[in-house]
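My questions all concern the structure below.
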Amino acid sequence: MDPERRGDLEEFRASTRAWLEAHCPSAMRTPARSADDDVWGGRAPVFPNEDARVWLERMAAKGWTAPTWPREYGGAGLSRDEARVLDEEQRRLGCRMALKSFGVWMLGPVLLEYGTEEQKRTFLPPTARGEIRWCQGYSEPSAGSDLASLQTRAVLDGDSYVVDGQKVWTSHADKADWMFCLVRTDAAAPKHEGISFLLIDMRSPGVSARPIRLISGASPFCEAFFDGVRVPASQLVGTLNGGWKVAKALLEHERALISKMRDAAFGEDEPLESVAKRYLGTDDGVLADALLRDRIAQAGMDSLCNSLTLRRSAETMRAGRPPGHETSMFKLYGTELNKRRFELLVEIEGYRGVGAEGSDVSAEELASTRAWLRSRANSIEGGSSEIQLNIIARRVLGLPE
Amino acid sequence: MDPERRGDLEEFRASTRAWLEAHCPSAMRTPARSADDDVWGGRAPVFPNEDARVWLERMAAKGWTAPTWPREYGGAGLSRDEARVLDEEQRRLGCRMALKSFGVWMLGPVLLEYGTEEQKRTFLPPTARGEIRWCQGYSEPSAGSDLASLQTRAVLDGDSYVVDGQKVWTSHADKADWMFCLVRTDAAAPKHEGISFLLIDMRSPGVSARPIRLISGASPFCEAFFDGVRVPASQLVGTLNGGWKVAKALLEHERALISKMRDAAFGEDEPLESVAKRYLGTDDGVLADALLRDRIAQAGMDSLCNSLTLRRSAETMRAGRPPGHETSMFKLYGTELNKRRFELLVEIEGYRGVGAEGSDVSAEELASTRAWLRSRANSIEGGSSEIQLNIIARRVLGLPE
Amino acid sequence: MSAGNTPVSLVLTEDQESIRRVARDYVQRSMPTTHLRALRDADDALGYAPACWSELAGLGVAGMVFPESVGGVGLGFAELGVVLEECGRTLAPTPIVSTVVLAGGAIALGGSEAQRQQWLPGVCAGERVLALAHDEGTRHARYRVATRAEPVAGGFRITGEKTFVLDGHGAEALVVVARVDGAVGDRTGLALFVVPASSPGVAVTRTPTVDSRNVARVRFDGVVVGVDAALGAPGDAADVLDRVLDRGAIALGAEMLGGALEAFERTVAYLKTRKQFGVPIGSFQALKHRAAQLFCEVELSRSVVLAALRAIDAGGPDVPVLAAAAKARTSDTFVRVAAEAIQMHGGIGVTDELDIGLFYKRAKVAAMTLGDGAHHRDRFARLHGY
Amino acid sequence: MSAGNTPVSLVLTEDQESIRRVARDYVQRSMPTTHLRALRDADDALGYAPACWSELAGLGVAGMVFPESVGGVGLGFAELGVVLEECGRTLAPTPIVSTVVLAGGAIALGGSEAQRQQWLPGVCAGERVLALAHDEGTRHARYRVATRAEPVAGGFRITGEKTFVLDGHGAEALVVVARVDGAVGDRTGLALFVVPASSPGVAVTRTPTVDSRNVARVRFDGVVVGVDAALGAPGDAADVLDRVLDRGAIALGAEMLGGALEAFERTVAYLKTRKQFGVPIGSFQALKHRAAQLFCEVELSRSVVLAALRAIDAGGPDVPVLAAAAKARTSDTFVRVAAEAIQMHGGIGVTDELDIGLFYKRAKVAAMTLGDGAHHRDRFARLHGY
């Protein structure tokens, strides 16, 4: 980075820090205690407290809920480096995320690339302000890892598409206002060439959603059903039957998001060794269980190496060199690490790590049990580990089909 | 087993024990110290001492070098149960194997099934007496795991086949008298349907052999070359182009042999924990290295479970119930266990486990280093682990192609 | 196990095969996985169905390993193992391990004839549920007993707290492991007492587990028992405790073998039917190889469980080693198989709707119960003197 | 390493890239794997080629990490790591780790200006080969030093035996770790002495290793040295020893990274060309998945090695943790990659004719050298206070 840009960036850092210190309510500088503290916005937004509402309003007014988006679409027009600084300064202050939004994280970037001017103007500003809550209609029961074999049909009828079918694994479909959705618009074409990308208002007649219970208990995931749902043709993103390109671009954003959130999540949890000291005790300062200790150290090292690799990848990109297809590696390794972490946590807690609700275990123990069970899905959702391995083998290593 | 048969068997055990005690020279009741003590027979047999020659002659005269073969072909006509008793009694007395022979172990059973009367009379008795030393001409450089893609050609010319090509991984080809060999006799047919099974005299003009050096050092393996070698048509086993069936039958015998020898080998070696005590020391009777101790225990348990599974499989067959395709499992698991054992051994010995010739390590340490390197081939030779996994998936689990 | 022996066979006899058929018929019909789900969804206080336990007892299961002199059937662990394997296949909750193998086993192995006659006929009839109160911390440890039994006039006063007592919340009486001498961790100084759950000073708290079973925390707050409550001579209970825990590990291993087999077979079936990219996912070589590896692990588990069960019946000296090997292997194999079953089922594998998650939860809890893989490798090593 | 820091970059600079090109050109041309084979087949007494070492020194490699005041180039470990990685790719044997990083590092970090001027210019010129005599048993252990240095008039008398001394058989002088106080295993009481190999009482035995390198057993039989032979104050050497061993672990990790990368890339290339059943074996999904997993392991190794090398240059407090992580990971990764490379190459993978076996042997020996994965996980845990 040239010195001038670096100087600008340090200036930006200073002003950002000052603004955050002045405007982030103190209650928003404490760690979120649970998912109930998350702010997802939407038509009927739920805030854990008044400060959370104020914090969202202030951030949205700055365009900092979607910092790299252009100002005219509700963003702040920041460079990647500036956005990173904003992120770092928020972490430094311990600011909670003002808005969680699939619209900002996943839809926004592809709408900026593939959307019409009208679509951008219609959807991006209210999304950045947290007024539209989006959900993602990708997976289907019979498709699974073979996403492109999806069956939900959309048939053009006048100036509307009529949508029939079923989605599954749609996070918060029961609470979302709109869905970005893959539909089949040409059943005769090869499977990747008959798919389109539609935006669907979840209030439309014929849409319904039902939450899915997981092995870990209640979940944000839903099944969503479409029964003759009419969707205005203006809500098609990209070209008719050209949705697969949009879908793939969005998946890249999702994968990057998952590995980033995983990385962030690690920092927040109590280190395994600290939990282990409480449950297993120490001899002369050394964890009493040599075998668990070895596995904890392995997990700690692997987590360090993974973080270093994420950093190297980001630096490579910033240095203007082409990155590899590393998102697959990060998705794969990050989720396997997470599974390993929670398995270890449960083994460390022993009998107290496998208690069910109603047992005399603590809230933390119960949470770790749920997190352990929930983590089994990490290597399946968002592209299974097997799919990531296929991608690495083919695109990174160039192994033949 | 009915009581009468059991009674007969105990009588057989008693007489066998008496004979062995009377006829097995005492020097032949000590453990073999190295491969140099092995007796392979052949036209120019090498015996470590006179006792070894006497022992082979006496066993061959009883037909006990090939105990289950019919008497007219040099065997003793024993039942499976009797052969097992003979085996047990030899082990009990610590008798060395009077004859090691690929002819007895591998060729004999298929010749009994597929050979002509003339072939049986010509080849089996001298094989049982240790007068013919056989080698196996299966693998080829370009074939590998895809054995059936072999290229060595045999073209009928008058009453002889003319053989051209190359074999590899042929044990003792440089010392063997004869080879049982797979050749391609119909290049146009599907690959499994153009293969024939030939017996080739290694003294024939045009045959040459060259030993292969392995990562562990010198080896019994050779490359064998055939340059216009004429083989009488009477030395075809089974039908022309029907050699694949014979080959597969022989492979089953080879796999069973490998897992059996592996199992036997385990019993003879010093237990890992006993080596570990010398190198790592103990605290309060417990091995000082908790991590290696855990892995040694795991290896010990897995070895126990593997032996129990071999026993269960043998009993299932004896009980007249159909066995599964378990030879693949035993080949796979036995060789992986062996690799694991030697890796552990080298890690236990530490610096003294990685010495090269000329270093100040002991002969035992040098032997364990070589055995460790040699063991890397276990999961490749005789059908790689990948091939065994394919077989289990397809034939045992019935998973689709 | 050395060559030259003629050890007991590892192949099921025809009688054992018919016991399997009877057990399978009953369990599949009356206690399929929906049975466990119903108990779970009702937050059932016992965690198993007494009616089913009565019926199983009627089939001879409760008395299977006890002699006829106490109302038993006089068969062995080879037979009980077959039943446990079938129960494992449907995750059927029963008090077999707690009542028959652990507490009942302690009374049978350590009790006087009077004590045996007092308790075991009820156990064989399926009328009495007992529990072994042994562990105290967050994991199984054989001699880590801090609970004290202090001599008082005519008996002992017991003080301590026990955790993870299998079926302890529904047991009529508890066989308590307490210490009359020595320090925590010592093998010497242990004693076993049969304590009615209704005794003053006994406090039982149900602690449900994630596999939808119930274990209990049991406090003994100066509980006074008579000398006749002791099984054998107080202070010398380690031999009986060792035998009981070995049997428990083997029995639980048999149940886990059933669970592993079922999870594996369901997964193989799914691999054959589920299609992705236009072909059955079982045609993908990476999944094939993983399935084939699991097959080997399961087969090895089967062998060691069968050998261990038969070794109990044969009274061989190899029971402790085989118990350690059986429990270590079934623990590791069941968890691995169930985890792979989830992964290979994909999304539906993590839904509560599918049974696969139930197997995974059970695998993890059962693996911890009576010692996990690492615990039993340690024990295996100790038994081999290293 | 915490967020918010702006740590040193993990991307190679252009200067570092050109160092890589120069190193690669030289190593590929003058020290390909046939170079190692030639030394091996000649049973070479040194195990490396002095001529090559001179040429490498001429390229600035020997003095790379030393300041210009002692004849060095004044670059850092980031640059030396690039060279080591290239050497690792062809298994090129050099005394970089022994002479430059370990013994030279001990003199640079612990020695007086006079000692530095005495020894380091010769090291930088590639004229002096030194070795660190540290380990004593069959495996690496940081403070397990029994060798004693007893005070005598004007100096010390050193008695003890050292094993696995890298390049110790060809070294002009040995930096010996000895104990002036305390018991074996103590961190306190250690001292470092520079001892000419020609000193009376020094006996060096070459002990070739299976990776075709040479290490040495060195006996010190009452070797008398002057007080000026001590690096720093005798008894307080642990800080310097720790830094030296951390640097050694990182440098060896960089070499192993190169070996792992090369073995992996050769294997991927083989998967693309070798055909079985009519198709490239790289089209078999089971092999693909295994290769993809290896890729991840290698990439993670690369990151931690780069970070550790840069941490040395930055003088950060995270060097010990990164050293442990780098050596543990490269040890485990290189062995795993090389073992898989053999398996995926099939039959030819186990022949001496192919290079793959050489990588496997080197992986195993290098993994043990300066501490294997388990050793460094233990150290990582200690550094984190558990």
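Labels for the chains are A, B, C and D, by order of writing; each one numbers its residues from 1.
In this section, contacts are C-beta pairs under 8 Å (C-beta built on N, C-alpha and C of every residue); 3 or more make two chains touch, one makes a residue touch a chain.
Remember, predicted model here, so these are calculated numbers, not experimental data.
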{"item": "Furthest chain, CA centroid comparison against chain C", "value": "D"}
{"item": "Chain pair with the higher count of C-beta pairs in contact (A-B, A-C)", "value": "A-C"}
{"item": "Chain centre separation in whole Å, for chain D relative to chain A (CA means)", "value": "42"}
{"item": "Whole-Å gap between the CA centroids of chain C and chain D", "value": "51"}
{"item": "Centre distance in Å when chain A and chain B are each reduced to the mean of their C-alpha atoms", "value": "56"}
{"item": "Chain D residues counted as touching two or more neighbouring chains", "value": "284-286, 288-289, 374"}
{"item": "Chain A, residues touching no fewer than two other chains", "value": "291, 294, 386, 389"}
{"item": "Touch list for chain A against partner chain B, complex", "value": "290-291, 294"}
{"item": "Footprint of chain C on chain B - complex, ascending", "value": "88, 91-92, 267, 271, 273-274, 276-277, 282, 285-287, 293-294, 296-298, 300-302, 304-309, 311-312, 315-316, 319, 321, 326, 329, 332-333, 386, 388-390, 392-394, 396-401"}
{"item": "Sites on chain A touched by chain C in the complex", "value": "139, 143-146, 149, 168-169, 212-217, 279, 291-292, 346-347, 349-361, 369, 373, 376-377, 379-381, 384-386, 389"}
{"item": "Touch list for chain C against partner chain D, complex", "value": "284-286, 288-289"}
{"item": "Residues on chain C engaged by chain A in the complex (per definition of touch)", "value": "43, 135, 137-139, 163-164, 205-212, 215, 217, 274, 276-278, 284, 286-287, 339, 342-343, 346-347, 349-353, 357-358, 360-361, 364-365, 368, 372, 374"}
